[in-house]
Every structure is written in C-alpha cells, then in structure tokens.
C-alpha cells in the first residue's frame, strides 16, 4: 500500500501558466498546510479551474513549481496522486451506469478506499439525501443530484487533499450546509482543501485562507 | 411577422407530470402575469427543471394544462413560441463556433431579433464583460463565461417571457449583479420571468412571486 | 364492455390466464393433427416428391413472419397515437415471436432449397429480403433493449417498426419484380390458386394453426410484459398475494 | 433567417478546413484497400467497382450520421430548436441536405474520375452517378433517422448501423439492379424511376418524422 | 481493483444486454449487402469473401473506435483517470482489450459459420481466422489511437478513419497475402509471423502512446 501522508504542505512557487497564447496566471506563490482550506475566488475566466488543474498535475505549468512536501508533484518520486482527490466542474459520471455503480467504479480508482465499499456508498448517499436514487441511471437524475453523487466521493475516499472546483454549484441550501460541514470535519481531521467558489464561504469553514485571483 | 403579445398571463392549471413511472410534480396551479417574476425554489430533484420545460412545451404533461393568455400552449393556435426565450441548464453553445458565431446562430432562430445583430451582440458581450472572448471558440472559454454567453441572449431577444433554469450558476458576483439588473429592467418593461434558483433572489428583483416546490 | 376496460393492463393480466393456457394446449392438439394431415394424408407432389411437405411449415411460417410484422407496426401505431398502454406491450412482444417465425421460414426454406435448387442459399431478392426482415426484427429488439426506460423504448421502437413497414411489400412482391429462383405466388393469387385443393387445404389449416399458436404465445408474453412493468404497482402485489 | 442558419452550418463544417475533403479521402482509401484485400485481378475489380463505390457511400453516411444529433443533444441545442418559433421541420430538412452535401456530394463529384481509372464505360458510369445522386440522399435521411432514434442511448456506434442498414437494402437493390441492367444492355429506367419515387417519398416525410422522434427523446 | 474496473466495463457494455450481438448482426448485414451490390454470382462471391470479412472487421473497429474517448472526455473521466494513482497505462490496456472483445471477438467466433455458408475450405478458413485473431487487436489499437488524437475536434467521424486507415494497410497487406497464399497452396506462415510480430510491438506500446496523447489533449 502506498504511503498516505499525514503532514502535508503544498507550496506553489512562482507558478505561471499559458494556454494557447494566453497567459492564464502568472507568478503565483502560495502555500497551504494540513488543517487549512484555500478558497480561490475571482471573476469568471480568471483561471481558477486552470490553477486547480495544475495543482492536480494535469495542467502543465509554463514556469515555477508546485511541490507537495518539498517534492515536485510532477517528479516520479511524488506521492502526490496517492493523496489528492480532484472533483472538477464536470462530474466524471458515466451516464449508462447507475448512481451506485458509478461510485463503485470511481472507488476502484482510489486506493485509499476500502475494498468493499457497498455499505459506505449507501451511507454517503444517505448523507446527501439521495439514497433513493441509488439505482437510477445517472442520466435520469437532476443536475444537483449529479453533483451530489460526485461529491459523495468525499465521504468515501480517505485522501487528505481535496481539490474541488466550484463544488457548490447546483446544490440546494440543505446540501450546502452538509458540504460545509464535511469541509469543517475534514479540516479538523488534518485534511487540506483547495477549492474555488463564487460564494464566499470563508466564514463558514474554519481556517480558511482566501486567495483572490484577478483578471490577468 | 408574428404577433408579439403585450399583455401576458401564464396560467398553470392542476399540472401533473410523470417521467418513467415517477410522479415528478402534481397538481400545480399557479399563474404569472406581465411585470412579475416567478422564482421557483426547492431541493435538488424536486422537479424545477421539469416544470420549466413543461412551461416551454417541450415536456409533456400527464394531466392539467398550461395556458398563455387562455390558449393552451400545445394547441396549434398558440403564440407561445413567439414569446418565450428558454435558457436551460445546458448552454446550447456549439463548441466549434466562436462566442460571436454562436450568438449569431442562436439569433437566427429568434424572430424577435433584428436582422443584423452584429453591433448588439458586441454590446451584449460587453455588458457581461466578455467582449474580449468574442472570437474565442466556445470550447476555450471558462464555464462561467459560457453561461454568460448563453445569457447574452437575454439582451438580444425582444421576447417577453423568459424561462431560465438556474441562470446564476457559475457566474461571478459582478455578473450576478448585472443579471439581477437585467431582470429588474425586464420586469419594469412589462416582461415576465420564470426562473429556478437555489439562491433566494426574491429581495433583489421587484415583483417576485416565490414558488416553493417540495419533494414529491 | 367498453374498450378502455379491455385495454386496461390489470384487466388483461387477470383475465387471460386461463385463456392462454387453453390456447396453448389447443395449438398442441391442432398442430399434431396438421402434421398428420400434411405428412400422411396429403398426396405427394408429382415434381418434388415428398420433399415438398416441408411447405406445411415453411409457407405458414413465412406468411406469419410478414403478418406479425404488420401486426407489430399497427399496434405500435395505435399505442403512439392513442396512447393505449396495452398496445405498447403487445407491439413490442410481437418482435421476438416474429423473429422466430422468420427464422423458421429461413431455415425450412434452406432445407427445402437443397433438394429443389441444389443449394441451401442463393442471394436472390426474396431470400435476401426475408433475411432483412429478420434483421429488422432484431433491430427492433436491439433498440428496445438498449433503452433503460422501457416506456420510452416502446415509443421509439414503434416508430422504427412503422417505418419498417415499407419493407413488407418489397418482400412480398420481390418474386414478381425480380425473376428469381423462388416460387411465385401459388396460393395468394387472385385467380385460381395453382395448387391442388388436397395440398391447399392442409396448408391453409397449418396457417390457421400457426395463427392460433401466435396468439397463444403473444398472450403469454404480454402477461410477462405486464408483470415486468407493473410488478411494483399495488394491484399486482395484491393480485399475486391472493 | 434561413440564410443565417445555412451560413452557420457551413461555417461549422468548414471550421475544420478540410472537412469537405475528408469523405473524399476516405473514399479513395477504401477504394485502394479493396484491391489489397481481393487481389489486383483487374477483371474482378472492374466487375465489383460499382459495388465498392456504393459500399463506400454507405459507410460514409453511416459514419457521419451515427452520432448526428449527439452533440446537439448533449449541449441542449435540441431544446433550443424545439422552443424556437422557426419551423423545426425546415431546420431538419436543411440539416439533412447539408449533411448530404458534405458527405456524399464530394464522392459523387469524383465518380467520373473513378470511372476513368477503372475503365467504366461512359453509359454505365452515368447510371452509377444517377443512382448515387438519387439514392444517397435517401441513405443520409435514413441514417439521420436512425441516429435520432438512438439519442438517449450511450455506446450507440454499432446500434445505428444495425437498425438503419435494413432500410438501406431496398435502395441498394434498385441501384444495383439498375447498374446491373445497364451493363448487360437491358433497360434500367424503371429502377431509376422507383428510386426517384422513393426519394420523393422519403425526403419530404423525414423532417416530420425526425421532429417527432426528437420530441419523444427529449420527453423521455 | 483491476477486477472492479473490468467488472464495471463489462457492466456498462452489458447494460444494453445485446451490445455483444450488435457487431455480429452488423457483420451479417454487411455480408448480406455485398451479394446485393455485386451480384449473386457464387464464384465471384467466394473469391472475395475473405476480403469482405476483413472489410467488415475494419468498419466495425472504425465505428466503435471513432468516438472511443469522447464520452469520457466530455464527462471529465479522463481527468479522473489522470489524477488516479492507478496506473493509467494499465487502464488503457484493459480498455483496448475490452473494446476488442466486444467488437471483434464476436465476429471472429462466427467465421466458421460464415465459412460453411460460403463453402470456404477448412484450411483457408483457419488462416482467415488466424489473421483476424492476430490482426484485429492491432486495428482496434490503431483506431483507438486515432480517436485519442482527435479528441478536441468536433465532427471527427470521418476524420478518424482517414487518419487511421493508412496505418491499417500494412496489416491488411500481410493478412491478404496470407489468405492469398493459402488458397493458392503456397506457404503462409511467414505472413502470420510478421503479423504476430506487429501485434507484439503495437500492443505493449499503445497504452503509453495513448496516455501521452490524452495528457496532451487535456493540456491543450
């Protein structure tokens, strides 16, 4: 089993990113540790999504570096992928599988999940109040419930670093509260969250560092 | 040119809707007039989207009726389609066209738009602060800017009835203000808005009637 | 009794149980009588000898393959236009039965072809178009099972079936339009059928038997279809618990 | 308004500059694959070349129609079409025609060249051309119809051909019979008339049928 | 973990219960179209039937691979794969194999029956079978590679075949030559060896190649 780290620090050092011929962001330096949440805010198109993707390692930087515990996330020796859970704008849900099967499938890619997560999947769905849609095909549930399904992974995975891109979109107010609760719990348990949002939730979650990205 | 109505009333009479074998909503009776906004709220999966679609006429009802000025919207004589502008969860944007071309294309389907909307498209993009993305392919702009692009139709169309499904999702706070402004203006000009949202904007828009859909 | 009652799923399900059982038994008896008539009583053909007797399977099966298709399309049409639930189920349940009849017609035709044409298969228009009919049936079944929402599925497949009707005249008239190996119409002609009455009668009888068989199987399948659709409904649970 | 729509469709086809050449290149690739597969026997090839041309057209239409509405379904365009006051039938008719222009027409244009290449007599090549001009729009409409039926279904790449090919067959039968007739010196006009009749029947009906299926699949 | 992935892939294929039969039916449809197009001349048909079998396999692979990653690209799954600690190469290898199982294997199974139908001698039909078993996984991998290259491109239905078909040609040449050799009584082992060598070269490399192209297209 790969090592799951307990002390975490993500440090971003003068990171810049290009896409096409556009500078998306430039010279970002920042660092986040366990028990902290980094809330990225900023106008549309300022590069939040791109930034989060580069912390995942799926978006290559033009210059600068992103390190997890002083090891560059793109280096081979990085434990990076063993520790991050990324949930983006898109839900990563397969329309021709049911809600349950989708989560089961997604868990198969996540080594931190116990081997037989049946009960836990049910529990996580119950947490969000969508247990009754368990056997619905994803194409048959509502937009908000799709989002909730993909967020149910937060309850299943034991990974410490959450990278979330606007997790609150389409979610109803009740769901909002539950998700913020989850964030608080994760932070208290020593987790690390980096997320983007257009709603300022810095007051609802402990230990939030707000990072404002301007339009480049 | 088809008639664009000035006095509008949408009355929903004991509308019920089934999908698959599920009752989505039941016995909804409600009516909205010019200069009113109907704000539909409710938990995820309660049927807001389905309800809005049935007001568009693209979702068939099981029983009950929806009338525009006492004419059933599904009857042939209905002026319904000449008066509604529907913008759903999905953006109706073509990934292989630019922002500008997309709007031009969408305008081609909207007879209320002037024949040469080039200037107006630019203006509407400027209104949302996305004029610089005018010649970007839609696949290259950010999620929020896609939403803004699709909402730019509100400025272009002269239709009186707006049917909007969570128009505020992915939009930054500045964009939020602008959209609410638009709503206010439309209401003052005698328009009619029906929209769903998870954020309670009833205080920000004049003449709002809130309709809460429970979980069925 | 009014139509809406008969068209009611519950009514159909609860009232046809014995009927289908009876029909099943009935076809069995009829079939054996027909086999006896066709294989022993009917005279042998002066040209083909005994091999022609497979006609008593081939021709009715071939006719039914066409007839069932038309039935499927028509019931599909009714279900689309008048939204009669029972028709949806009847329509889709026709597909597998029709496919079997088509298969029987193909296989018996091939078996018959060997002694008469010297080959199992030739690519002539009727044979090919009958094969296409099989593919049409399979297409309908495939499309139906690809949908997870079965009510949606029936609507869509009915449409496919209706459009597929255009193939039926092509199959039927293919022998006239193209001069092919296959037998021209010898029964279904307007003037005197070109077949002796002693051969014709058992053929018509077998046609009747196949029809009864079709109805029996259809009723059975429709019951199953109703069960699958309504197994979670209250009346079904009540009915089954009795 | 219609002009705008046509213009936009053209633009989105031509965005990938070469999309008009693609069917053509595909066509030539297929044609050059056949000699590889069945050997370079010239006699044999000449005999089956009309069949190969037809097969290629069939595959091109299948490839380009099997996901015809998928993008528009996924990005919500179908709903926009359905809520637009513009007659959807007209839009769909245009879409069929445009799809035909971009997939079959380039191939049809090149039939003369292919004929020279394979020593097909002028008269025969005319008949091949005619059957294609009349038959291929029918194929395209049927393909698009098939794709509209399978809108809600994931992984439908092979399903669409399976449900549409049976409908292709009558057209193939008549076309092949026309080509067969002309090369054996028999009259072939009858078959062309029948094909034309089919075209005149299918093309006007198809938009209504498509509208209906689209409505159904949005309403699922 | 791998078991789970395989299980899920199977489930999503079998959701539409019949998807395994579809390539087969497609195969039969194509086979029955050819006699219509090139005439029912039995001699002619028998000569070209191996070619037809191969063409059908080519089209099936093209049809099922041309949009291979599209859904996963659109719903963000590729990003999930890339951020998963599971080796992506392994997943991609599995995906290739599964795609092959669901598109080519059913056809291969039915070659014996087709052989009976068309009176193909036993030995020839064995060689056809072998070339297919060895060649088709290569075709599938190439097709999938082509689809990964065109991920960001809309309307790529015909583009993928155009860029992949040239790569198919070597495989076709060797297979055709093996079949040709066996039917004229010449040794055919050499060609099979070459095909096998190609397979052993392509299959292990492909996952790495695919991973690279996927990373590129996410990073566009």
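Going by the order they are written in, the chains are A, B, C, D and E; count residues from 1 in each one.
Keep this in mind: a residue touches a chain if its C-beta (ideal position, glycine included) is under 8 Å from a C-beta of that chain, and two chains touch if they have at least 3 such contacts.
Predicted model, so just to flag it, every value in this text is computed and none were measured.
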Chain pair with the most C-beta contacts: D-E
Same or different contact residues where chain B meets its copy chain A, judged by the half mark: same
Interchain centroid distance [CA atoms averaged], chain C/chain D, Å: 32
Inter-centroid spacing, chain E versus chain C (mean Cα positions, whole Å): 36
Approximate Å spacing (C-alpha centroids) for the pair chain A, chain C: 57
Sequence positions of chain E contacting 2 or more other chains: 12, 15-16, 19, 22, 25, 29, 36, 71, 74, 154-155
Touching two or more other chains - residues of chain C: 128, 132, 135, 138-139, 142, 146, 148-149, 152
Touching two or more other chains - residues of chain B: 19-20, 89, 94-96
Chain D residues touching chain C - in the complex, by the definition given at the top: 145, 149-150, 152-153, 156, 159, 162-163, 165-167, 169-170, 173, 177, 209, 212-213, 216-217, 220
Complex contacts: residues of chain B adjacent to chain E: 94-96, 139
Residue ranges of chain E in contact with chain D within the complex: 12-13, 15-16, 19, 22-23, 25-26, 29-30, 33-34, 36-39, 44, 47-48, 50-51, 54-55, 58-60, 62-64, 66-67, 71, 74, 103, 153-155, 157-159, 161-162, 165-166, 168-169, 172-173, 176, 180
Interfacial residue positions of chain E with respect to chain A in the complex: 1, 4-5, 8, 11-12, 15-16, 71, 74-77, 79-86, 215, 218-220
Touching residues (chain side chain A, partner chain B) in the complex: 19-20, 42-45, 49, 89, 129-130, 133, 140-145, 148, 166, 169-176, 198
